[in-house]
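Same chain, two partners: chain A is paired with chain B first, then with chain C.
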Partner chain A sequence: MTALAEAPLTVVPPQRKRKIPGWALGMIGVAGAIALLSTTSYLTGVPQLTSTGTIQTAVRLALPILLAGLGGLWAERAGVVNIGLEGMMIMGTWGAAWAGYQWGPWAALIAAAVFGALGGLLHAIATVTFGVNHIVSGVAINLLGAGLTKYLSTLLFFPISHNPRESPAVPKFDTYSAGGLSDWLGSLEADQRVGISDVAGILRGLVTGVSPLTMLAVVFVVGSYLVLWRTRFGLRLRSCGENPTAAESLGVNVYLYKYAAVVMSGALAGVGGAALVLNPGNPGYLEGQTNGRGFIGLAAMIFGNWRPGGLLGGAALFGYADGLQLRSGGKTFLALIYGAVLLLAVLVVWQLVRRRWFAAATGIVAAGLLYGVYYSVDEVPSELTAYAPHLVTLVVLAVASQRLRMPAADGVVYRRG
Partner chain B sequence: MRGIAVAAIALTSVMSMAACAKDSGGTSNNAGSSGTAASGCKLADKPPAAAASSSTAGDGTKVDGSALKVGLAYDIGGRGDASFNDSAAAGLDKAKTDLGLKADAVKELTAAPNEAEDAKQTRLRQLATEGYNPIVAVGFAYAESLKVVAPQFPDVKFAIVDGAVDGATNVTPLVFAEEQGSFLVGVIAAYQSKACHVGFVGGVDIPLIQKFEAGYAQGAKAAAPDIKLEKKYLTPAGDFTGFQDPAKGQVVGQGQVEAGADVLYQAAGASGKGVFAAAKAGNAKAIGVDSDQYNQPTVAESKDVIVSSMLKRVDVAVFDFVKAVAKNDLASLPKVFDLKVDGVGYATSGGKIDADLAAVLEGYKAQIIAGKITVSDKPSS
Partner chain C sequence: MGKLRGNLLPPALAILFSALLCGIALVVSGANPLRAFGAMVSQVGEGTTAVDIVNSTGVYYIAALAVAIGFQMNLFNIGVEGQYRVAAVVAAVFGGSVALPPGIHALAIILVAAVTGALWAAIPAILKVTRGVNEVISTIMMNGLALGLAAYLIRADVFGELRGNNIRTPEIPSSGWVPGIPLGSSGTVFGLVFLAAALGIGYWVMMNRTRFGFELRASGESSTAAAAGGVSAKKMILVAMLLSGAIAGLVSMPEILGRDHTYNLNFPAGIGFSGIAVALLGRNHPGGIALGALLWAFLDKSGLALDNVGVSREIVTIMQGAIVLSVVVAYEVVRRYELAAEQRRVGRQLGTVEPVGGAA
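Take a look at the complex of A and B:
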């Protein structure tokens, strides 16, 4: 590794040989995150960091972001920038509420996917067939989604709910828990033993009160990976995002693949909207309830380097940070800052081992600053905690953007011929 | 090889399915139980009973408002928000029936979340140029716009709910003593709490909502000096989506229930629905805001947890304003709609407030009106 690091930078960077496969790297990351959280929770005495409730909340808040991000992944892998995710999500929320209050949650899910897919289809027609700038079309779809649902809900919901901005209550999914396992983990968590209780709390949060939608989302993440990276269809779809001309010359129907990807993208964003409507706290459709989550999904996807695993990490980060600040506020958040100091310390040691003196020094300075913040205040002001996930994304993008690699022909209008 | 893998996956999933139990199926879900079965707070001495109330009934004179064209500009949420805007709508509806306001002589427009300032100005200007007079702007968010628009239409009588515009003589401020009403529901919360631990969920961290928190905390402390209080605002000042996000309301409510609070007071607009849902899921109680939320159809499924609501009689204020304009007597309006003029109060629908508690509340109310208790409108910490 050291030899690689010291290689001259003028030549084309050599092919990085991954000794560890991606999934193992992901597992190491997850294990590292858990270890970091439990250490922080132990050292600062804030058990909420790894409590069941926090994790459950994180999952619930991350779900719409994750699904929207997956939608973005499908479109962008086929070379279409989809900034219209928000609009497709709004259409999904309306569809979910409309079908949901009449025929139940499963119908809500399907209707949301269909409505989202319609938004996707529109985006595909505009960008693929007519070659409209992707951003322009996306923005138009955001406006259209908001306007159309406003019109439709005045038309169809108002007579029933007496409120043009809201649907009647939508029945929710039953939640499921892994019976014995959950109780056993609960007792383990209640013991407050170092490490074990934290892991138990996190695991219990993941297996208690799980909505079928959550399971479905996990299936979607794994499924997206398998379809996009392990099938012929996926390879062709991605080739349309990397080099459509080459794909076309090899007989791939680029337009068709782009259409399929963008429609799929819309459907996933729509399901993300359904995740909002079917959230236990929401009575149903409410105007403006997506609240920019489509854009955050897009950010989570970029954060995750246009890969499903990374995207999952990004969505989890947003959900966790948001859940934590909403549930327990500034004090717990301060503990998270302490955690960041610990993380930086580990990174500094790593950089020192790799003899990257400059990076190590920067890390030490940053850690010192953060520790100063941790030491000097009792509670992070709420103005800051509310935007912490966004700040973290900014930092990560600033630091890691050199390594992020978007599909080569992403956002480029492709003309056949 | 692939066959084995498929079989293994199928087997695992079947086994995990078998281990998964449905949450709603029978077994008691101990979510949110605070463990301690304390039977309530150590309560402070009850206030002296109120003297027989001598609230002045309205002067019976009939006012005719059929010549008026009333314009209403709602804040985010609009008619049907189960809260603040609905209350204004109720006042308008009362004006229609009582003052003979014609149905087509009324125009209602609604703001969008995080809209630009000039969208508000356009809305007000539109109403004024179409000949509506008086025009009621519902919500402090219109203050800046009114400052610009009101001088352009000196003959139009404007009113702004929850705000004031300095220097504009044709703008009537309709402000409330929310802290006084919140004080009373704070007392209710202290009396209803079993764990002596109550919660407050605010929509957006702005001075207006802080008034609710301040009054609530003082009321709870007055009734039970060692009560514990959880408080949380959904979004910081400037981000008004906190009034429009039930999912966040639910998360915060659930967090407070798990922290031990068993009576939650929400001042969070449409997000309050999430707070009610969280209270219902956690076997806690909730206190509504602005309107009598127990009777609202949009929160009907969680109405059994709503013990009371802090009434902010925007309807009274809007109605009184329209009436005063019809009589051409704006000076008769109170400076602040407080407990004395029944501008704020508490709801008793649902039968959760028994006679004892009602007597206590009337006692506190009399003391506030008499000035023996002054309720601060700023949170102490």
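Take a look at the complex of A and C:
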């Protein structure tokens, strides 16, 4: 009897075959996003959605989010929650400005990484060695980072810039464009043909005026994937985030790996801060410049299910929303809401095909509400658009939190026994 | 004795360590730390500083209580920051747009603030209970949304009005003010500082003398053990979060009802995060929190004197950050030390370990 009753529990659920590899899924996602944007752009008559300028701004704004998110990825894969990303990023902005105005942009990058890494080291000492709660340590580092940079900029920037909240102007990177390709895409974009012009605009935005920092960030994303998922070091590092006790029993020095991961995390967050300072739109360091971007990076990482590819998608989405609002204001942003309605419609059809009635009904209600917003207002107030990433993150967490999988021992204090 | 030592030693060490750290930072940057500290202490007697410290203590105290309620249930309410902001805007708008008799008006505003704070906290609470969303992430996101919502609500074409360079909500009529205790040239103590004290007493009674407080602490210690005793963890999460949010909603009430009478662009930011620090410093104990809040307020207000002696007052923020980090480290070190001592003691009594001293 008991064997019968227990039998269903021991049966391994049939493994769902994953026919599509990850990279193909990513390509489908990108294609889908472009299709969605060009449809929205066509239906609402807002060409700015896919214009070169919007994409360029989006890339610049996505960089800090992406780098901070990568920082979060490194730390959390090793099992350390890093709320202190924001503080490390602030330290990075200061370091970048301090070294940047004296020795140029490359020095700025290195100094930012060093300053961020110092914040990471502090976090590692508190959480790994002393076993302090990760959130508490992170909150303290955010306070400390903000205080330290304020103090240092009053001390060192004030005599030169005569403003304690601002650094002297920092020289920027030269940007590079793929000359002929860019011009050809530009002429395609100017034709205003449905679909083709949109793709051309997006591509042109990606190949025109590219800063070395952008290339570096792409290298970091690919590099993080290769290091964390394709090397022995990465496997061990991730094992510290999944089951540190098991890792230790197999001879992995868990403390060392956690230290390495958190210091790396701080360095990446610091470079994210440098990306803000070296953004051509900013003169240099500005107090309060990060404005919660470290937290958004964390959100992008969660959005991406603790994977580099997903993180890239999250950062692109948040950067895009930010860039669109900055370039063309609330009217254009409204088109994005229309796009969200279209996306929801597709999802509802998908849920209906899979006979998930409740999910479909929820989707219909949400789409109706969003359409109501689109129909009734003329433009989204700029005060609210800046916080679209926060809302998207909340919705994603609410809808998909069951499908997201964070490292099993994430945020758990580990003590060598 | 041992318990007292365990509770008082770590913060004392942490404050000393942080002061030392800041002292070194000051020496490196070419200032005299003793002179700076002297300026801070003598500042307490100057002008309105002493009263400002008392007022500020009240505000930090409320924020820290809100955080502490969450901590008791193992909940990280990082969202106090957003909860008090949204509550302040909504309460200020409400107070400025209704006409009620004196007293009732103020009460109604306070009530609206508490309810708004609770509602804002209800979103992450419901997400956590029904969808398992980690409250840390969701409250951080709610903080961002709160900033946006507040900025939107005080737009001139929504509820706000333009006054010079500032945008603010309509002024609350005098029937909604809470009178303070005027002390002549040294300023006015906010009447609602007493609300903070009352909340502290209420918090202590609730945690230590009621069934609900017991269940909350039990559930926070071990939700599975509490569940075996018939306490639903989900219900506790929901109630704790709502209570925390309601108290967070009151954070800005002393300032709005006692001095500003409106919500404007100069609204103070960061009190929620300071509240987390103060709650950690005070170990969730109402008395400890009071001391922590006092320290925080002292550092904040006396720090203004540092500019006079040629020291950047941001050193105070560094000191505050250093205190939080070193106090949690110190508590952890002392906890480990006492755990080890306890193990040794038990070992000696059971005779499983070779006696170290002359115990056996």
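Criterion: the second predicted complex is superposed on the first by the 397 of 417 C-alpha atoms of A that agree within 3 Å, B and C clash if a C-alpha of one lies under 4 Å from a C-alpha of the other, contacts with A are read in each partner's own complex, and residues count from 1 in each chain.
We take it that a residue touches a chain if its C-beta (ideal position, glycine included) is under 8 Å from a C-beta of that chain, and two chains touch if they have at least 3 such contacts.
All figures in this text were calculated on a predicted structure; none of them were measured in a lab.
Visitor: Do chain B and chain C fit side by side on chain A in the superposed arrangement, or is it a clash?
Guide: clash
Visitor: If we overlay the two complexes on their shared chain A, which of chain B and chain C does A:252 touch? Say first, second, both or neither.
Guide: After superposition on chain A, A:252 lies in contact with neither partner.
Visitor: In the overlaid three-chain picture, which partner chain does A:299 touch, first (chain B) or second (chain C), both, or neither?
Guide: Once the two structures are laid over each other on A, A:299 reaches chain C alone.
Visitor: Looking at the overlay, does A:352 come into contact with chain B only (first), chain C only (second), both, or neither?
Guide: It touches nothing on chain B or chain C.
Visitor: Quick check on the superposed pair: does A:386 touch chain B, chain C, both, or neither? Answer first, second, both or neither.
Guide: The answer is both, since A:386 touches chain B and chain C.
Visitor: So in the superposed three-chain picture, is A:151 touching just chain B, just chain C, both, or none of them (first/second/both/neither)?
Guide: Touch status of A:151: second partner only.
Visitor: Let me test your reading of the model: by the given contact rule, A:227 touches which partner, first (chain B), second (chain C), both or neither?
Guide: neither
Visitor: Is A:135 contacted by the first partner chain B, the second partner chain C, both or neither?
Guide: Touch status of A:135: second partner only.
Visitor: For the superposed three-chain arrangement, which chain C stretch in 41-49, 113-121 or 239-247 runs into chain B?
Guide: Clashing stretch: 41-49.
Visitor: So chain A touches chain B in one structure and chain C in the other; where do those two contact lists coincide?
Guide: The answer is residues 164, 383, 386 of chain A.
Visitor: Given the complex with chain C, which residues does chain A contribute to the contact?
Guide: Those in contact with chain C are residues 81, 83, 122, 126, 130-133, 135-137, 139-148, 150-151, 154-155, 164, 292, 295-296, 298-299, 302, 381, 383-384, 386-387, 389-391, 393-394, 397-398, 401-402.
Visitor: Flag every residue of chain A that touches chain B in the complex, lowest number first.
Guide: Residues 53, 57, 60-61, 161-166, 169, 174-181, 209-210, 276, 279-283, 286-289, 291, 323, 326-329, 382-383, 386 of chain A touch chain B in their complex.
Visitor: Can you tell me which positions in chain C touch chain A when the two form their complex?
Guide: 25, 29, 76, 78, 123, 127, 131-133, 136-138, 140-145, 147-149, 151-152, 155, 273, 276-277, 280, 312, 314-322, 324-325, 328-329, 332-333, 336
Visitor: Help me check something: in the complex, which residues belonging to chain B touch chain A?
Guide: Its residues touching chain A are 16, 19-24, 27, 76-82, 110, 112-113, 205, 232-237, 239, 241, 244-255, 258-259, 270, 273-274, 277-278, 281, 297-301.
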